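Same chain, two partners: subunit A is paired with subunit B first, then with subunit C.
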Partner chain A sequence: MDLTKDYFSNLGLPCGYQIDLAALADSHRQLQQAHHPDRFAASGEAEQRQAVQTASYLNQAYGVLRSPLKRAIYLLELQGMEPLAPTNTSMPMDFLLQQMQLRERMEELPAAADVEAEIEQLADELLAMHKQLQTDFAAAYEASQLPAAEVVVRKLQFIEKLQQECNDLEGRLLD
Partner chain B sequence: MALLQIAEPGQSAKPHQRKLAVGIDLGTTHSLVATVRSGRAETLADSKGTHLLPSVVRYRADELPQVGTKALQHLVDDAANTIMSVKRLMGRGLQDVTRLGEQMPYIFEACESGMPMLRTAAGLKSPVQVSADILRVLAQRGEASLGGDLVGAVITVPAYFDDAQRQATKDAATLSGIQVLRLLNEPTAAAVAYGLDNEQESTIAVFDLGGGTFDISILRMQKGVFEVLSTGGDSALGGDDFDHAIANWVCDQRNIQNLELAQQRFLLRQARQAKEQLSDTAVTTITFADWPETSCPADIELTREQLNSLLDPVIAKTLRATKKALRDAGMTIDDINQVVMVGGSTRVIRVQEKVAALFGRPPLTSIDPDRVVALGAARQADVLVGNQTGDEMLLLDVLPLSLGLETMGGLVEKVIDRNTPIPVARAQEFTTYQDGQVAMAIHVLQGERDLVQDCRSLARFELRGIPPMAAGAAKVRVTFQVDADGLLEVGARELTSGVATTVQVKPSYGLSENEIADMIKASWSNVDADRGARSLREQQVEADRLLASITIAMEADGERLLNENERQAIIKQMETLIVARNGDDHHAIAKQIDILAKATDTFAGRRMDDSIKRALAGKAVDNI
Partner chain C sequence: MAYSEQVIDHYENPRNVGKMDEADAQVGTGMVGAPACGDVMRLQIRVSEEGIIEDAKFKTYGCGSAIASSSLVTEWMKGMTLEEAGEIRNSSISEELALPPVKIHCSVLAEDAIKAAIDNYKSKQ
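Showing the complex of A and B:
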């Protein structure tokens, strides 16, 4: 396996945003079966080292391709872009407003009458927004509108952060 | 290629010679060794037919150490030379150990590396050496049972063991002459023991409740690959808490106060017996027949119902940790197809009932919970030496605790998050903080909290020879490589000059098991405190940076470019900032930083003009 090649070619998948997750999992499993250090438990140190490197690469590749956000970032990076560069911060005003409203809702949530239902409602909405953004990214990327795709990536990152916070909040409130 | 094989008649070389490998469960109270024979995993007994080896070693002058039952007999009469529960000392520093030492009758001494040594009749012994003596007995038992030299062994460790504890375990095996095929997490081993015949895809929860620790792991099994999705737990929670809850209830019922040590032990023993009896009967009697005092309280009846109400609060904690592990894995209760029970405390009926109620299905209990870990390890060992052919089993584990680096102000920047699949390699870039900085100290930490002091320090090393540059210009790339055993190697390289250094992380000190679990737990309960602490440190760093740059500017140009009043105003404001910086209100620091920055605006402007003037001085207008 040539570890300098991109994740898609090494995992035998077509390079694009739409991805067959089952095929990805299968491919990762098969490659780990062949390259994992456990397959070289009785071999020399050099082979062990090589196996650790290959297995690390495969875990990294699997983690990136499986995640809708990381996959999007990776595709743009393959095009020589830096969607999350610290200088890259411009966002549409309506999206920022929506973010602030969602954040306010989350802050007021612990005081709600039916906390569980409210959290669920919020989580569902975030999930729907996340799905929509994935569709938006695929459309922009396939049409080679890379600056537009970049904005979608930053939106996705915002939403994932909110999802994480919503999840943490659920853990704290419902325990 | 061999064209001829010459062998004695009747002893012809077998076409498929099996390699001898064992699985070892190196436990806190007892250890086990197991192997796979004729396709079946089984634990191996000593010459007297006993399977469990007490994890106890007794050292004597000029004689070989006694290990197991023989050593156990001298626990009271030769306490200082009879070492038990050594697993709790593995990978710890003297400081951590002396804290535990209050409950341990051993004499500790420091050695050069900082590793704690136990003083015994046979000289100084490190916890690694004591563990090696236990492992040696188990390996010998394996060789005697199997009739040949072992190729290697799989040794199990708790899922929450950090880098230091794993490294110490591996060192002990090396010391005892065992080739370690793999360190395997105990819950993963248990899942393997149950999961092998299962060809279909399933998601498994492993519920491991021991005497003093609780571990929960979520795994997915698909086509022979076991993938750990998350691990969690509480290493200060276990069956001992059940006994304490019962004993406390008895004390309340009979109005017993100020227990002496002997009475406490008596009560805990009675509590444990009652707990075990109530697995079979609906009601039991706690008697005070041998109560170590003259006035003996009346016997007391304990029903299973009453017992359940005493155990439920403890069990509820395990269920909370279970739900958290499910969330970490991105799973819900409905996704779990199988629940595996490990550890002696899962024999308690109430635990089984509650776990069954949570998951909506009865847990698997058909394999002895004390042996299931060793049996799974034996399976894995058999695969690793290549005795299985065809569709081989593969275990993909995760990192139990996050790894990170110390950054300015005593903060930890995470480089690899917990529950990341291993092996894993990550790199992170850092930059210099001061002009002309030529060295960088790198401090590697493990844990979930934001501050260095709350995480475990794994290693410190220095990258020297960085070419002097302006602050922020040198780029140092730090790489982490974690192997399949969960062991870490760290390297650092300055990118413009190529100066590099690599260390195998070999820590010599550590912290208690409780602290590790607390580190995970606390990262939840202290989220708010951490956020405040982080803001405070950030503002303090910012304040220091500003104060340092103004001090330098004042020394260089203060006399020349400022009059006395202006100079005094700036110095006064610097003093105000220093006072705020040493306080703990990050808002106040931010405010004073702002004021000081504004107060020095004019000074900064004059310095700029001055440097331009000087750059132009003495040059003809035509040359500009």
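Showing the complex of A and C:
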């Protein structure tokens, strides 16, 4: 396996945002078995090292390709872009406003009358936004509108962060 | 990673947290976000007729360094002219707070928020 090639080619999947998750899992499992370091226990040092590197590459590839956010970032990186560059802090104003409002809502949530229902409602809304952004990314990427696709990736990153905090909050409040 | 004493001080006792009326013509509002960490920052300034920043408020959802960076700049900006505030650089912020390299982007966020607030104020005049 040529580890300098992209994850899609090495896992035998078409390069694109839409992905067959079952095919990805199958391919990952088969390759992982074929290159498992245990199979090279009796081989030379170079082959063993190669097997370890390949196993690590495959895990990395699997983790990136199955995540809607990481896959989107990866596709743009293949195009030479750096969607999450920390020096770029401008985002659409309406999106930032919405982010502020969602954060304020989460901050006030512990004082709500029905905390469980409020958390569930927020989590549902975040999930819906996440799905919509995946659709938006696929459309922009397939139309080769890369700057637009980049903005979507950045939004997706903010939403995932919120989802994570919403989860943490749920853990703290309801356990 | 350990935070510096300066960061902890601003994080535990943030200065000037709050909100001003965005519709007020004397108020400039800057909002920025850092996709790498999902932090959001709102920085507001109230500018006098003479062009002096009389008051500054912030609200930041993010890590300790992002909160400290915005808290620090609200302290610095009070009493400055718009020109002086526009010259605040992220390097001064990160130096004052002894930010490690991985947290430099928090000071970049604060610098960009200042610029955005000034631009917003100017666009209203």
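Definition applied: the second predicted complex is superposed on the first by the 171 of 175 C-alpha atoms of A that agree within 3 Å, B and C clash if a C-alpha of one lies under 4 Å from a C-alpha of the other, contacts with A are read in each partner's own complex, and residues count from 1 in each chain.
Everything that follows uses one rule, which is that a residue touches a chain if its C-beta (ideal position, glycine included) is under 8 Å from a C-beta of that chain, and two chains touch if they have at least 3 such contacts.
As the structure is a prediction and not an experimental result, all values here were calculated from the model.
Partners subunit B and subunit C, once the complexes are superposed on subunit A, run into each other and clash.
When both complexes are overlaid on chain A, the residue A:A113 reaches neither subunit B nor subunit C. In the superposed model, A:P83 lies in contact with subunit C only, and not with subunit B. Contacts of A:K161 after superposition on the shared chain: subunit C is touched, whereas subunit B is not. Once chain A of one complex is fitted onto chain A of the other, the partner contacts of A:V52 are limited to subunit B, with no touch recorded for subunit C. Contact with neither subunit B nor subunit C is seen for A:A22 once the two complexes are overlaid on the shared chain.
With both structures placed on the common chain, the touch criterion links A:Q99 to subunit C but leaves subunit B unconnected.
Within the complex formed with subunit C, the residues of subunit A that make contact are 83-91, 93, 95-97, 99-100, 103, 153-154, 157-158, 160-162. Of all residues in subunit A, those touching subunit B in their complex are 25, 29, 32-33, 36-39, 41-42, 52-53, 55-57, 59-60, 62-63, 167-168, 170-172, 175.
Remark: subunit B residues 151-152, 181-182, 222-225, 320, 323-324, 327, 383-386, 392, 394-396, 420-425, 481, 483-484, 524, 527 touch subunit A in the complex. Residues 31-38, 40, 42, 59, 61, 104-105, 108-109, 112-113, 116 of subunit C touch subunit A in their complex.
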